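Below, chain A partners chain B and then partners chain C, in two separate complexes.
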Partner chain A sequence: MTSVAFSGLTKSYRGTPALDDLTLTVRADSLTVLCGPPQSGKSVLLRLLVGLEKTDSGQIVVDGQDVTKLPPGGRRIGYVPQSFALYPHLTVYENIAYPMRLQGARNADIAAKVERAVQLLSIGHLLKKRPDQLSGGEKQRVAIARGLLKDAQIFVLDDPLVGLDYKLRERLMDDLRTMRRELGATFLYATSDALEALTMAEDIVVMDRGRVVEHAPVDRLYHEPQHLRSMELVGFPGSNLLPGRIDAGICVTPIGRFAVTPEATAPDATAPANGAEVIVGLRPEAVELQPAGTGQLSGQASVSLVEDLGGEQVVYLETGGLTLVTCLSVGRGETPAYGQTVAYRFDPAAAVIFDPASSRRVGCGCFEGQEKIRHA
Partner chain B sequence: MSNLRQTLYHALLWLISLLFFSPVAWLMLSSFKGRNDILAVPAKLVFTPTLDNYVQLFERNGFLQQLLNSFIMSVAAVIVAVVVSFLAAFCFSRFKPKGTDFLMFLLLSVRMLPGTAVILPVYLMYVAFGWKDSHAALTLFYAMFSIPFSVWILKGFIDGVSLRFDETGLVNGASWWHVIFRVVLPQVRPGLIAAFIFNMIFVWNEFLFDYIIGGRKTANVPVALATGAYADGGVDWAFVSTLSTVYLLPPIIAIYVFQRYLLVGMTFGTVRGEV
Partner chain C sequence: MQSNRSGSPASRGLLAAMHPTGQAGLTARFFALLNDRRFLPLMLLTPVLVFFIIWNTIPLLWLLGLSFQKYSLTSGDDPAFTGFANYLEILGNSSVWQDLSRTFVWVFLSVVLQTGLGVALGFLFWGSHKLPGRRIALTLLFAPMVLTPVATGTFFRLIYDPTFGILNQVIRAIGLPSVDFLGQSSTAFWAVLAVDTWMWTPFLMLMTLAALGSVPKAELEAAEVDQLPWHQRLRLIILHHGKFILMLGVLLRTIDSFKTMDLVLQMTKGGPGSTTNLVALTLYRQSFESFNLGWSSALAVILLLISIAFTSIFIFVLNLKRRGDAA
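Right, the complex of A and B next:
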């Protein structure tokens, strides 16, 4: 079992910090996805782990061994870079076999392992070709095969599916998860795509401005986000973020008021002070286009945009100068039309309250008697 | 109409080309003429060809040695230059030492220096070191003169090889040696050929330094031409034309075979053309 631990990692480029005192422990035998906007430090962190960059300060420990000062070749980490970097002068077979050749493996072993990787990624017909004869998706699969062929327990994948078409990405996501289970290895996977993160991850690490803002199993992170950035970045379509104010234990928002429960899940979080400005996060699926039921807040809004995704629809609602996003399964009720006025409802218990200064979660909503909906 | 224009245009181009080629043609034809035919006025286009001039040339004392000198010194100097330049260009491209741009400029300015400007100090230095008329010393000098050009050409090519290739090698446990020769080198082969051919032609054509810091032992073909052109109180046209023809052949063949690489050389690697 090989786990990876970063502690106090700092890295800057010409005075611009890329990683800021980052500490993170990655669970062994897991698929951990680093998720964050571009420039959040995901790639830098992975490059430090692989050894392609030097740390300014801090320590990287792999399986109990300090590898901070080891050269990249001494770290025994498989690496699938963002760009394919397939050697143009070698055939696909030789490209895939490359890490094993460098490790001095025997030809028969190489052939056997290449054969297996090639079958998993269905690229057997490409082995004799040169990289410039391949399509983007084929190149990426070859790069993945090469990265995963190394005799290692940790594999680093730096946004390997970026720029591929959706169908291919879906397939490769499946393949990667299968391969990880077969290898029983630890995967670190960086992406800026929320959907990819949710599909792939067992654990998610949300990064922002060179720091880890949250690290949790994927379902807990999705349903109980502890940080505003987690709510913002992880999930598709993006969450609704509304301005709010605390007034005697009640959270007042443009779409209604509800009581605030201080958090039991965040022990060091303090309940929002009276009069404090807060940000209220609401997942799109928490907003339903139904008249109010018991224990729910409701209101009227006009439909400003409908995005049809086939199986579901993303509906943008305008209410009180705010845009609310909601996600509907097609086939449940009528399809709303542009400009139509609809009733919506949400359960205040689904609302998460964040402190705008620290971006930390400070509580969540709960229904408070028979509050009247307040419209601006 | 446009067809006629194009035909006229092509005819004009051919005319100009032939005009420029005519002295070379005269020279080459002369090498197959007897002594009396060479100086005939008007020039004879119909004559009985003879190989006497060639037989005489190759029987001439020292000529084979001079031809060999030209070959060996150009090939050896350029091999040394390309190896050194490749490693230097790799360092400039990958490690970007402080002042890389200035160093590259300095290198180029060394190359731009006219030979006559440095011939005197170089001569004094070679005499002081006892290097005059030495194959190795002359080869080193030519290598030195070929390095700046090669570094420029090769740096352009190595810059074009993504760093990700190096990284892939390093992550998989490759040494720098492996990265330089097994990962980067195969990808800059056109640059190596361009640098090789271009400098080869330069050294092949070199006269001044061979004449001054070389000597009897190391004389090359241009020196042989200069020193042997006058005989019996006049220009020995048979010798000049025959030697020039022999001397022209290798570069003509090289240019024909490697013409696409020449553009790269002439533009210091900034224009890749089809290579």
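Right, the complex of A and C next:
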């Protein structure tokens, strides 16, 4: 059981801060996904953990041992970089086996381990080839095998599936989860792809501008986001973020008014004040193209765009001067067409209210006391 | 230029748009030609081809022709075709052979020394990219390379001077007898070689830095994480990516070193005796001091062939390595 703890980590490049006093403890024996936009500091954090960059200040503790000053080789961390970085001279087999051999593993053990990884990643036919004879996806699979076979309890994967085709990504995501469970190791995995994060993660760390904005198990983070950036970044398609204002315990938005349940979860967060401007987050799947039922708000909107993803459709609705995104399963009801006027509804309990200044969650909607939607 | 820009210029190409058609004059036909996709490349290449033919091809053919003639500017005789007589004379001339073997020793030593030092310095600078003052140090180190050899030769002749040269002043200051570095046969060759090394080590350092710059950072990082020993990093990663540029540097230096003349002329004039007489200096003397044009042309052709041989060996070795990698 090996946990990783970062405390007060700061790193800047030529005066530009990449990590800003970051503190984070990663649960042992978990797959933790660092999710954030490009430049949010995910990669830097992982490179600091591996030891490829030096910290400006702060501490990295792995399994109770301070590794901040250790060289990369001394940290016993498996690393799968974003770029493949295979040794060009060596065959695929040697590329995978060589690091283990350097660690002093016996040949029989190596062969057995390689065999196992080769099966999982379907690279058996490549073993005798050299890196320059492989495609990008093949190289990446070899790099994953090489990184994961290291005798370590912590594995760092820096966006390893970027640029691979969709099918291969799906398969590798499954394979990586399987491998992690088999190894019983701690995985830190960086990605900027929300879908990948949701698929892979046991825990998600949402990063933004060199800070951790939220760290929670994946389902809690998705359903109960505590930070505006979590709602924005984790989820596909992106959440609806609407402007709102608090008026005597009622949240007034362009698509309706509903009561607010204040729930200042963070210790320093406060309930929304009267007259305060807020941001209302609404997941696409919370908006349904159905006439209103009990306990729901409803309205009329015109369809401005339909994206067909095969199994589901992303429908963009224009109403009250803003765009609402919704996600429909194909085959349930009629398919909306461009320009059509449709009825939609949503449960105000699904609306999350954020304070725009701190980006913190300050409450959520509820049905009580709602009024009928008025249209512009 | 005319202001008439009717029609759709984009559809007719830029040059046509600048020169409206309709006037079937010579200029219009010229610009029509420029728009011709088959003709334009030829037009663009013509200047450099003309330059190359006038300054390279014709002189080379002329040289080849001269090498088969007995032609001396001092004798007053007309040039006469003598077949391979010049070549046979050169191949039978023991002093040319001596110059040639001395030149090979010179090439070998200078290339080995400069490559060794250049690569070492290159690695040092590569590993010190965060050191303050690195840029200034680099610039200073490159200075010898950009000086003309004649100037460098003159400086060092003065530095080496037995009576007022600074080197001998230092030697005397520490209580040793002064040495006439360029005047005695035991030291002259080495003294000139040292200057050549001072001049050209930066070039190989530059090539080393370029070679190291071509090594992917990700592979080096992987090696660091995997704790690859340094000699394996060198073999598996650095040489794999950098060897082509490095070999190119060695090749250029070899060819250049083979032609060394100006430095020696300025420092020792080939002396004392013939201890620093390189073959290029012989060539220079025969052609521009003795005006023995036929003979020296033949020697020039031989040296050219040797240079081509060097180049072919290097190219062969590099290609062979590449083929080996692909297999």
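Going forward, the second predicted complex is superposed on the first by the 369 of 376 C-alpha atoms of A that agree within 3 Å, B and C clash if a C-alpha of one lies under 4 Å from a C-alpha of the other, contacts with A are read in each partner's own complex, and residues count from 1 in each chain.
Definition applied: a residue touches a chain if its C-beta (ideal position, glycine included) is under 8 Å from a C-beta of that chain, and two chains touch if they have at least 3 such contacts.
A quick note: this is a predicted structure, and the numbers were derived from the prediction, not measured.
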{"item": "First (chain B), second (chain C), both or neither touched by A:R130", "value": "second"}
{"item": "Partner chain(s) touched by A:Y338 [first = chain B, second = chain C, both, neither]", "value": "neither"}
{"item": "Chain B versus chain C as contact partner of A:H89, first or second or both or neither", "value": "both"}
{"item": "Partner chain in contact with A:Y13 - chain B first, chain C second, else both or neither", "value": "neither"}
{"item": "Touching partner for A:Y98 - first (chain B), second (chain C), both, neither", "value": "both"}
{"item": "Which of chain B and chain C A:P72 touches, first, second, both or neither", "value": "both"}
{"item": "Shared contact residues on chain A - chain B and chain C", "value": "50-52, 71-73, 77, 79, 81, 83, 85, 87-89, 98-99, 102-103, 150"}
{"item": "Touch list for chain B against partner chain A, complex", "value": "162, 164-165, 167-175, 178, 183, 186-187"}
{"item": "Touching residues on chain C, where the partner in the complex is chain A", "value": "216, 218-219, 221-229, 235-237, 240-241, 325-326"}
{"item": "Contacting residues of chain A [partner chain B, same complex]", "value": "50-52, 71-74, 77, 79, 81, 83, 85, 87-89, 98-99, 102-103, 146, 150"}
{"item": "Residues on chain A engaged by chain C in the complex (per definition of touch)", "value": "50-52, 71-73, 77, 79, 81-90, 98-99, 102-103, 130, 132, 150"}
